[in-house]
Amino acid sequence: MRSVLYLVRKPPGPLANEMIDMMLVSGVFEQPARVLFLDDGVRQLAGGQDASLVDRKDTAKAMNALPAYDVDELFAHAGSLAERAIDPDDMAVKARIVEDDEVAALLRAADVVVTD
Amino acid sequence: MRSVLYLVRKPPGPLANEMIDMMLVSGVFEQPARVLFLDDGVRQLAGGQDASLVDRKDTAKAMNALPAYDVDELFAHAGSLAERAIDPDDMAVKARIVEDDEVAALLRAADVVVTD
Amino acid sequence: MRITLLIQGAPYASDAPRSALRFARAAVRSGHRIHRAFFYNDGVYIANAFATPPRDETDVAAQWVDFARSHDVDLTVCVAASLRRGIVDDGEAEQYELGGANLRDGFEIVGLGQMVEGMLEGDRTVTFGA
Amino acid sequence: MRITLLIQGAPYASDAPRSALRFARAAVRSGHRIHRAFFYNDGVYIANAFATPPRDETDVAAQWVDFARSHDVDLTVCVAASLRRGIVDDGEAEQYELGGANLRDGFEIVGLGQMVEGMLEGDRTVTFGA
Amino acid sequence: MSLVHLVGRESGLDACLRHVGPDDAVLLFADGVYAASRARTTTATVLAIEDDANARGVRVESPVVAVGYDRFVDLVVSHDASVTWT
Amino acid sequence: MSLVHLVGRESGLDACLRHVGPDDAVLLFADGVYAASRARTTTATVLAIEDDANARGVRVESPVVAVGYDRFVDLVVSHDASVTWT
């Protein structure tokens, strides 16, 4: 079955939540699916977010529903986190921290790469 | 009468054309109106554009209609042009080249600044 | 003071309609008046009456209409920007034979002249970009 | 090859629908097949039947419909993304009592499962982002 | 003449700082709050909307000042004009 | 496994170049062609859609290669997957 990598490069918000809906459906279809947070995408993982303050649905909370749909391989780019001073030990979503070479490998391991 | 400065910071395209429509209406209302091209906005001035190749309306051509509506003070930021290697002698739209200090003065001379 | 707002971003791709509303509420709280809110570019998408967000999402269009009714604000969308994006009132629906209209109650379709007038009449104009 | 397209940008704020169409035309010229075009996020705005661009602007929505009819392409928009943005078919119009439908002829409202299926069935999937 | 610069996107901060005058203020709002940490090194007066920062998990630290939307309004009213950088 | 990187916005080039492999190709299209001059200094194979460049008054100079949409299709077909950077 064709595997998909969701490459998340945008900050949280309504559009990010729509991409999570697509990831959930990949899970329902039992499609092998991984999620890689890169560049501003790692902002979706930052701890201490309270989206209700701006009348938004919580992106990190929606991300945390993914493992229940068997989308449980989440990766966050170390360099992107560091550039944005996001503490890997205080992330709202559990993701494995990966270096540049692993990013390259993840991009090449998927049959399809979908970007947000 | 309240004067307006249109601060153009986006590249050409359909949204740029809509902002030009607003400038034309300022002209019709005889509102003192100036246009300042900054950052990617100077891309609207680049020579040699042929928007028909991508089925778009020509932004530069629309800009050139402004003086007929008495919007005839157009300014382009020298630094923004230089960063993008746009030759000031080969611009599709006639605009006066201004340095940083004149940008600051233009922003402060207007009663209203509208951005694109 | 009388404040005019120009809102250019779409309801989901941009924070502009939400930020502008929170600004407008605060302005009224502080004794100022929002003279006109003018939606332009992709900002006009907010005026589509058919938009039906799920119950667990806030409906920023409905919030704008409530606010405008309570505080006598002109909620206006540009006619040209709306027509090319498919937000039309009854008159346009008939004129272009579209088989239906979808302008949300509380919004008015106006020309760009109304925005320029808003700038001229307001003491301040604030742009909320996409 | 069978190619699936995911298009996420709105007709005016983004080049995505135009670029994707030019890609699709070239793919067909080269003997490939566009299996499905799926519009998502603000990309769904393309399916608003009421959109009436001025005569001197190209109508990218109409071009997509023509292309899809000639080359047997599924033109699909996501149901959830469309509903919250106000693009609805007759069934939804009735269900939500909207007083009218505005889905453009040639487009079909489908679930996200159809996009995932498109990825699984296509030999290649190309994203055209906002 | 003084301006309030309204920064609604992270990249807007650098764009506006080139043109900030001594009597101007810079306000970070919406996704503009992502520029809060970088804004600490400028000499300009920078404020940030507290709710927008907290919604995004962004900490606002001195000399950047956390404020509410009421202050957003005050800034617009007390300066001669506003310039939006998105 | 090889990738074709589809750059549809100027800022997409820098983002993608960090992750380009030796067998990859980079294609600039739409507003991505604004990155054409900067792309000349990379060692990666970079192509640009000629119509998109000419529409914007952008010159495509060696080693960046000007191509048509047919080549866009070929690149997608001849690489294992595409990654879009907008």
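Of note:
As written, the chain order gives the labels A, B, C, D, E and F, with residue 1 at the start of each chain.
The criterion applied here is as follows: a residue touches a chain if its C-beta (ideal position, glycine included) is under 8 Å from a C-beta of that chain, and two chains touch if they have at least 3 such contacts.
The structure displayed is predicted, hence computed values, not measured ones.
Farthest from chain B in terms of Cα centroid separation is A. Between A-D and B-D, more contacting C-beta pairs join the chains of A-D. Of all the chains, the one whose CA centre sits at the greatest distance from that of chain D is E. Averaging C-alpha coordinates per chain places the centre of chain B 29 Å away from that of chain F. For this pair, chain D with chain F, the centres built from the Cα atoms lie 25 Å apart. Spacing of chain D relative to chain E, judged by their CA centroids, is 38 angstrom. Counting only residues that touch two or more partner chains, chain A has 15, 18, 54, 56, 112-113, 115. Under the contact definition stated at the top, the residues of chain E that touch 2 or more other chains are 31, 52, 81-82, 84, 86. Multi-chain contact residues, meaning those touching two or more other chains, occur in chain D at positions 12-13, 15, 41-42, 57, 80, 124-125, 127, 129-130.
Here, these are the chain pairs in contact: A-C, A-D, A-E, A-F, B-C, B-D, B-E, B-F, C-D, C-E, D-F.
Chain contact summary for the complex, chain C toward chain A: residues 11-13, 15, 18, 56-58, 60. Interface residues of chain A facing chain E in the complex, by the touch rule stated above, are 11-12, 40, 43, 46-54, 56, 84-85, 92.
Interface residues of chain D facing chain C in the complex, by the touch rule stated above, are 10-13, 41-42, 45, 48-54, 57, 80, 83-88, 92-93, 96, 98-102, 130. Chain B contributes residues 7, 9, 38-39, 100, 103-104, 107-113, 115 to its touches with chain E in the complex.
Residues 10, 31, 34, 37, 51-52, 54-59 of chain F are the ones that touch chain B when the two sit in their complex.
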